[in-house]
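The chains carry the letters A, B, C, D and E, assigned in the order they are written, with residues numbered from 1 in each.
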Amino acid sequence: RVAVAANAQFVLKKLAADFQKKTGIAVEVISGASGKLAVQIKNGAPYDIFLSADTEFPQNLYTEGFTLSKPQIYAMGSLIVCSSTGADVKNWKSRITGKDAGKVAIANPKTAPYGKAAEEALNYYKIYQPVSQKLVVAESISQVNTYVLQRVVGLGFTTQSLVYELPASQRFSWQKVDPKSYSPIEQGAVLLKYAKNKNYVNNKKFYDYLFSAAANAIFRQFGYTTA
Amino acid sequence: MEWTPIWLSLKLAAITTMILMLIGIPLAYWLSRRSSWLKVVIEAILTMPLVLPPSVLGFYLLLSFSPNSFFGRWLLEYFNLSLVFSFEGLVVASVIYSLPFMVSPVKSALAHLPASLAEASYTMGKSKLHTFYRVQLPNIKSSLWTAIVLTFAHTLGEFGVVLMIGGRLEGSTKVASIAIYDAVDNNQYHEANMYSLILFAITFVIVILVFVFNKNAMRGPLE
Amino acid sequence: MISINIQKNIKTYKGRYRLTVADSFPAGSVTKVYGPSGIGKTTFLRIIAGLSTPEQGKIVVHGQTWLDTAAGINMSPQERKAGFVFQDYALFPNMTVREHLQYASTDELLISRLLTMGRMESFDSHKPQHLSGGQQQRLAILRALAQRPKLLLMDEAFSALDDELREDLITDLKIILKEFETTTIIVSHHAQETLGFADRSLKID
Amino acid sequence: MEWTPIWLSLKLAAITTMILMLIGIPLAYWLSRRSSWLKVVIEAILTMPLVLPPSVLGFYLLLSFSPNSFFGRWLLEYFNLSLVFSFEGLVVASVIYSLPFMVSPVKSALAHLPASLAEASYTMGKSKLHTFYRVQLPNIKSSLWTAIVLTFAHTLGEFGVVLMIGGRLEGSTKVASIAIYDAVDNNQYHEANMYSLILFAITFVIVILVFVFNKNAMRGPLE
Amino acid sequence: MISINIQKNIKTYKGRYRLTVADSFPAGSVTKVYGPSGIGKTTFLRIIAGLSTPEQGKIVVHGQTWLDTAAGINMSPQERKAGFVFQDYALFPNMTVREHLQYASTDELLISRLLTMGRMESFDSHKPQHLSGGQQQRLAILRALAQRPKLLLMDEAFSALDDELREDLITDLKIILKEFETTTIIVSHHAQETLGFADRSLKID
């Protein structure tokens, strides 16, 4: 069983499918907010592997002795600005401060790495002040996606992987945010103590697969960068 | 720890409860009168919002309130009112969500009341409205308070809907339940505990006061 | 002058049965209505008060048509404002004795007078559940009087009162009903109960 | 779209409602008897879980049920029972969370019932228990059904608590509300709509049946 | 033989008052209890049935001590099993006429006999709210009889019945009470009401 941060669940399902094709081993994917998953793991959740949206939670689990290995970075996310109102987001920096931008959705900077990155980017371009009045803070990256896709907001900051999850028919415009404007969104994974109980070999196999060239290719396909 | 979210939560719960008293109690009265198929269906529909997970209900409300929807645009154009990302939106959503907690207990209690009480009042020339507020309602006081307490508490704890259509705006939609949730998510357990304790304490006092008041109201002069 | 002519189908222990009453009640008179249990006496009073509707009927009170099924006239109980002493009292559990009377009338003088008449002064702050059977019945009578009804309908209104109390009450009632120019219809099982009160009688069977 | 989560949800709601009938109704009876300070406080405490956002309540429950806690370890050692990440845990959490919806309406209705009904039964030699089930409960049928419907619907829609202490284990803790939530989160709106519609339809039918049944039960032979 | 000696403080319209009753009731006798309204007659019956507790008192029924405040004995209403006809009937709204009797007794023969005696056969599937006042009162009497009580307490149990019906009922009652060896205490306001029924009387005041 793999517990995965909500933003990476789509790619993980692809990885699981690929892994099963190669080895015949089935993987059960459980998604949720990283923080909640971490609390659950500390309280006995039956998960074998944990893929967080950041590095802090895995590190914390490691120091408190809930893991079999040190956290490892499996991918780095990229932040994008997007809209489905048909607006042109190529020059989003000027647009976002304008009148007709509508509300702007970011994930909660306190809990979601993509939210933190978005905040950093806005500060980097010195437009946080003017934008703050329009900011709508969503619970998670998924909720940002909902707001954007349902056009309740004009613009949203989310993960690049969203782009590859959408049906082709969806009206959607997006633009990468320059990675130098925010600190890298490193996503860490750990092998949990629970993995020892059952099928340790298979668990370990999948954990190792996550860092294989084949997996890296799939990660890149969905807009992540890998080491 | 800030006080704004708590204050906001209490305001939301109080306003919602008040609105629900205004619309829920007459609705309960109407539903308690001779029942028809229509009323049974309406009653079932009122219960429906409960069945959905709050955040999903919030999602559907988001769709219907958003300026892209017909209803949302109409509100915006004619009333300059936006129900997404605003306190007003939270109130409307909470009203929908908590409606059955106000209506059902009151309706059931009215159904148990002997018909002759109202009849006696009618022969004294009192209107149905007057009779309802002076005779029927006071005689189901205990159920009425139950409804009010459940509604109030439920609105305070309401979270999923609020999170979806509120957008965490400081001072207008970031209510206490969201602050607690964020604190837990942030590993700020101490802060979460503080918020929880304060909410508990305030509600506990309110509920105790209601029960004590209610108890005295039901007690006769000789006991 | 009140004229009543009604027909309603009810079920009694003899099977389905058509309750038929046709009579005129002179203004200010006290009519005793009697007949076997379950024959429809309470139903008759309820029809007059507007709480029940007969299949056919006409009720004219002091020239005003309260009910005419043929013409489709049916005044509400609120418009008829008949004073009604219910067989089961129908007191309000939430109100004290005094509040019952205040609900019916704003005339504090009248209320005091009624409380004295019913010997209920010392119970004026009691709720019905803390009253004895006879006290409850007296309260039901006083409440009906407090609204100064033109027509007073009493359903077994003396059944829980002892002889002495009843006789005293009847003496006072006659004075007050005269003063209010009230016409009274009282259902009673016992011949003795309405002695010196009723001046006419009507048998239903 | 799978049927397992829906089936699981219905099972959870049904079991929770049944347990709450078993413990909530006697509790309501006890609370409706001559009230004391103790009872007032207990009643207020029962209302408290409502005040917290469900996911936070879930968080606290997780901490107290977890094998790291005293209570959790005790359960595990002596009963080999784990209340975290198990269906049993969901049941216990739902029972705590929905308790006031069962207890409060029933308690209020009992308080409105005339004392002489029970007294008459006692003089006939019937025990308090017998009297309660044969005389008092049947005479507050409408309020009882209200309590059952609210409890059932509320448990179906329950999400935050369940998510926190249940995780999303297929076939044991991934109930319909979580499936819907996931679907919305994953932008699978069609699937979310399907789940919602099915939950609606099932509950609608149940609620309508309850109301119709209840309506007939309250109708006399001559009406 | 039943001996009762009780004292309880109650409030009447004369102010606080100490209700004192001391009397012995021969087995199988029918005692009429009377006195002004609100004096404590209902309270007296409730004390005998165990529904109310006096400040001081002793009740011994056929050699069995039901109450002895000095010795701290106080049997529950369930153990006393006195048949009680409540002044306000206390019928069960959820039960039909027949179900009321079935609740008190499993003897279907007795139930049929009682239904006939109370002229209630044709109402056996009616609920109380669809009965007339007199029918409700008869049901209350029948229900109390159905439990074959050793002691029957009747609070104004004939007040809603007409003379003819009451006389017929009394004839039947006397037979059945003799058969059950029941001792009866009946509260009544009207001398006439218990004529030919009560063989003793007790005034409370």
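Points worth noting:
Here is the rule we go by: a contact is a pair of C-beta atoms (placed from the backbone, for glycine too) under 8 Å apart; a residue touches a chain by one contact, two chains touch by 3 or more.
None of the values given here were measured: they were computed from a predicted structure.
Shared contact partners of subunit A and subunit B comprise D. Greatest Cα centroid separation from subunit B: this falls to E. Taking the mean of the C-alpha atoms as each chain's centre, subunit A and subunit D sit 36 Å apart.
Computed from the mean C-alpha positions, the centre of subunit A lies at a distance of 79 Å from the centre of subunit E.
Between subunit B and subunit D the centroid-to-centroid distance comes to 19 Å (mean Cα coordinates, whole Å). Touching of two or more other chains is recorded for residues 59, 139, 184, 222 of subunit B. Looking at subunit E, one finds that residues 11, 88 touch two or more other chains.
Chain contacts: subunit A has residues 36, 39, 143, 146 touching two or more partner chains.
Against subunit C, the residues of subunit B that register as touching in their complex are 114, 116-117, 119-127, 134-135, 138-139, 141, 220-222.
The touching residues of subunit B, when paired with subunit A in their complex, are 59, 62-63, 66-68, 84-85, 163-164, 167-169, 182, 184-187.
For subunit C in complex with subunit E, the residues that touch the partner chain are 11, 13-15, 34-38, 41-42, 87-88, 119-123, 131-135, 138, 155-156, 159-165, 189-193. Contact residues of subunit A toward subunit D in the complex are 1, 6, 9-10, 28, 30-32, 36, 39-40, 42-47, 140, 142-143, 145-146, 149, 165-166. Subunit B meets subunit D in the complex at residues 35, 40-41, 43-45, 47-57, 59-60, 100-101, 104-105, 107-109, 111-113, 139-140, 142-143, 145-146, 149-150, 153-154, 156-160, 177-178, 180-181, 184, 192, 196, 199-200, 203-204, 207-208, 211-212, 215, 218.
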